[in-house]
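Let me begin by presenting the structure, written as C-alpha cells, before commenting on it.
For reference, chains read A, B, C and D in written order, and residue numbers begin at 1 within each chain.
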Amino acid sequence: MTEARDIDILHFCRSQTLRHLMLMVRSPSEVINPLLFFLLVIVLFPLGLGPDPEQLSLLAPGILWVVALLSNLMICMRLFVDDLEDGSLEQLAMARVPLSIAVLPQLLASWLASGLLLSLVSPIFGLMLGLPLEVAPVLVASLLMGTAIMLLLGAVGAALTVGVQRGGILLALLILPLYVPILIAGTRALNEALQGGDPTVALALLGAGVTGGLLLAPLAIAAGVRVSLEL
Amino acid sequence: MYFESLAALWDMDGHGIYVWLAYLLTMCPIIVMVWLPIKRFRQHWRWIEAESRRSGIDVGGAAGESAR
Amino acid sequence: MTTALLEARDLSIHKGLRQLLKDVTLCVEPGDLWQLAGGNGIGKTSLLRSFARLASIEVYGDLSRCDDVLYVGHSASLKGAMTPRQNLKYHPSGLCTPTDTEIDGALAAVGLAGYENALTARLSAGQKRRVALARLFLPSGRLWLLDEPFTALDVAGVAVLEQRFRAHAQAGGAVVFTSHQSADLGGTLSVLDLEQFRGD
Amino acid sequence: MWRIIHQFGSPPWVYRFCDKVIPWLMPITIVALLVGSVWGLLFAPTDYKQGDSYRIIYIHVPAAVVALAGYYVMALAGLVSLVWRVKLADTAMRAAAPIGAAYTAIALITGAIWGKPTWGAWWVWDARITSMLILFFLYVGVIALFEAYENKSAAARACAVLTLVGTVNIPIIYKSVDWWYSLHQPASIKFTGESAIDPSMLYPLLLMIGAFYCLFAVTVLLNMRAELAWNHRDASWLKQLVQGT
C-alpha cells in the first residue's frame, strides 16, 4: 500500500496559496469589486461634504481609513463561503497540517489580492481628497499593515458566521467593534504625517497589531471554522 | 440627612431632575431583569407540573426511571 | 497503541436534546471493510463525521484513531474554475503531493482519461463525483472514511470502486463507508447496522 | 486519547446550587442596593464642583464596572466550556450576555444623563463613555451570534471563541480610545473622578459596586435556573423535584 508521503507544511502552504491565487485570477470580479467599491464610496464624500480641498484634506485620513475598513469588511464576508459550500473547508480541516496554519494561505492570497492592491492604489484616491503626495508613503504603509490586521480579525468573524444564513450583517456586527483600534491608529498615523508630526508611533502600533494578529487570530479562526463545520 | 427638607432633596438645587431620572432609568431595568427570569421559571415549573400530571407518570419513589 | 486504525467505545451522538445514537462501539483493524448501514436519518453521516472528528461538540464517549485519514463527504470538494488535474494537484486535504503522471493515472482509473484539462464546472455530476473519488487512486491515507461513495456512479464505476476497496484493504488499509445500498464486496465486508444503537 | 472529561457540574447539581444560593443572595442584594442608594442620595455630601448631579456616580460607576467584569465572566465561562466542554458553562454564558448588555446600557444612559448638567450635552465623546459604547456592541455581537445559530451547543462554542477574542481586544480598545481622546481633547475633568474622592462619598460607592456585583450574580443564577428548567423539562430528575415539592 502506498504510504501517504509525509506532509511538508511549507509545501502545503505554498500549494494552497497558489490554489487561491489561481481561483482569484480566474474570477477577477472578486478582486476588482472591492477596489471599485473603495473608489465609489470615496467619491461620495466630496459630494456630501462639498468640493473645497482644505476641508476635504482635513477629513481625508478619516475618510480613507473608514472606506478601507468597509471594503475590507466586504472582502471578509465572502472569505469562507465558497469553500464551505463545495466542501474544500472540510478537507482543509482534515488535512494533517494544523488548521490554524492551514487557513493562513487563503488569508495571504486574499490579502495580496485585496489589501495590497488597495494600499498601493490609495494614494491616487487620496489625491482626490486633497491629500498631498508627500503623505503617500505613510498612507501606503499604514494601509498595508491595517488591511492585514483587518483581514485577520475579519477572518475570525467570517469563520464564526460562515455557517449561518445571511451571516454578512452579523459579521459586520461582530467585527466592527474590533476594528476601532486599527482605525484610530491608522488615522493617527496619517494625521501626524499631515501635520508634520512623527507617524512612527502609530505605525509601530499597527506593526504590533500585525504580529499579534498573526500569532493569535489563526487560533480563533481555526476554532471558528471547526464550529462552522459542525452545523 | 444632608438635605434640609424633602423639597430640597427633590430639587437638589436644579440637578434633581437628572439624578432622579437616572435612578429611575436604572432601577426599572434592574427590576425587569430580576422579575423576568422568575416569571419564566414559574411558567416552566407549572408547565412541567401540568406535563407530568397529564401523562400520569408516577415519577417519584422506588420506580426510579420513569415508566414511559 | 493498539494496531487498530479506529476504535470507538460507547460513543453517543446528540442532536439538540434528541439522542441520535448511543453506545456505538466499533474497532477497525487494518484490512477491514466496514459499511455503516441503516435507514435515512439514523445518523450514518453524523457518525462518520464524528469518526473524522469534523463533528465533536455533541459527541460523547471514547474515540481514538490514526491520523492518516482520507475523508470524502457528500460534496465533491472541487473547484469548478479549475481543471480536474489542478483540483487533485492542489487539493486542500494535502494528503500527498501527487506528480502529474499519478494524477493522470488516477483520472484514467475512474474513467476520466480525456478530461484532465476540461473545466470541472463543465463536467456532469457523475463525472465530478468520479474526480472526487479519483483521490482514492492517489497515494492516500490508511483509513478511508467515505460518505455514500456509490451515489451518482454507474455500474462500471461501482465495480471499479469495489475493486479499489479490496486492494486497499489487502494492502493494510481500512475503509469505513456509509451506504444504504448493499455493496457486494464478498466475505471481507462487515456491516454495522446502526439500528441497534438507535438513541431513545 | 481523545476522551471527554467527566461532565463536571451536571445539570441537577447546578440546579440545586441555584436553589440554595438564590434564597439568601437575593435579600442581601436588595438590602445592599437600598442602603447604598439611600446613603448615596440622601446622606453623602454634595460635590463642590459639580453640585448634586454627581450622585449619579452611585449607579453609573457600579454599572460600568460590573458591565466590564460581566464580559470577563462570560469569557471565563466560554473558556471553561471550550476547554473542559462543560455544558453548564454554555448556559452560564447565555445567561450572562443579556445582563451584561443591560448593565452597559444602564452605564451609557446614566453617563449621558450625567453629561447634560456637567457638560451641557446629552452625548459627549468622552473616552470612558465611548469605550462603554463599544463594549455594548461587543455584547450585542455575542447575543446576535448566539441567536443566529440553530444548534445551541455550536452557538455556545462560537460565542466562547468570540468572547475570548473580545477579551483580548477590550484592553486594546480601551487604551486606543484613551489615546484617541487624549489627542483631540487634552484631559479635562476625568469622568469617573479618579481624583482623590472624599471617603464619605467613597463608602457608598464601594457599597453600591458590591451591590451591583451581587445583583449581577443573582440575575445570572436566576436566568440559568429558568434556562435549565426549560432545557431539561422532560428530564426525570427535574420531574422528581417538581413532584417532590
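Worth pointing out:
Following the convention adopted for this analysis, contacts are C-beta pairs under 8 Å (C-beta built on N, C-alpha and C of every residue); 3 or more make two chains touch, one makes a residue touch a chain.
Since the structure is predicted, the reported quantities are computational estimates derived from the model, not experimental observations.
At the far end from chain C, in terms of centres built from Cα atoms, lies B. Looking at A-D alongside A-C, one finds more C-beta pairs in contact between the chains of A-C. The distance from the centre of chain A to the centre of chain D, each centre being the mean of the chain's C-alpha atoms, comes to 32 Å. In this assembly, the C-alpha centroid of chain A lies 36 Å from the C-alpha centroid of chain C.
Look at where the CA atoms of chain A average out and do the same for chain B: the two points lie 45 Å apart.
Between chain B and chain C, the centres computed from C-alpha atoms are 54 Å apart.
Each of residues 151, 154, 157 in chain D touches at least two other chains. Residues of chain C found to touch two or more other chains are 57-58.
Contact between chains, using the touch rule, shows up for A-C, A-D, B-D, C-D.
On the side of chain C, the complex with chain A involves touching residues 52, 54-58, 67-71, 73-82, 86, 89-97, 139-142, 168, 171-173.
Residues of chain D touching chain B in their complex: 26, 33, 37, 41-46, 51-53, 55-56, 59-60, 63, 99, 102, 105-106, 109-110, 113-114, 116-117, 215, 218-219, 222-223, 225-226, 229-230, 233-234, 236, 238-240, 242-244. Against chain D, in their complex, chain B makes its touches with residues 1-3, 9, 12-16, 18-19, 21-23, 25-26, 29-30, 33-34, 37-38, 40-41, 44-45, 47-49, 51-52, 57, 59-60, 65-66. By the touch criterion given at the top, residues 153, 156, 160-161, 163-164, 167, 170, 173-174, 176-178, 180-181, 184-185, 188, 191, 216, 220, 223-224, 227-228, 230-231 of chain A touch chain D in their complex. Those residues of chain D that touch chain C in the complex are listed here as 1-4, 151-154, 157, 231.
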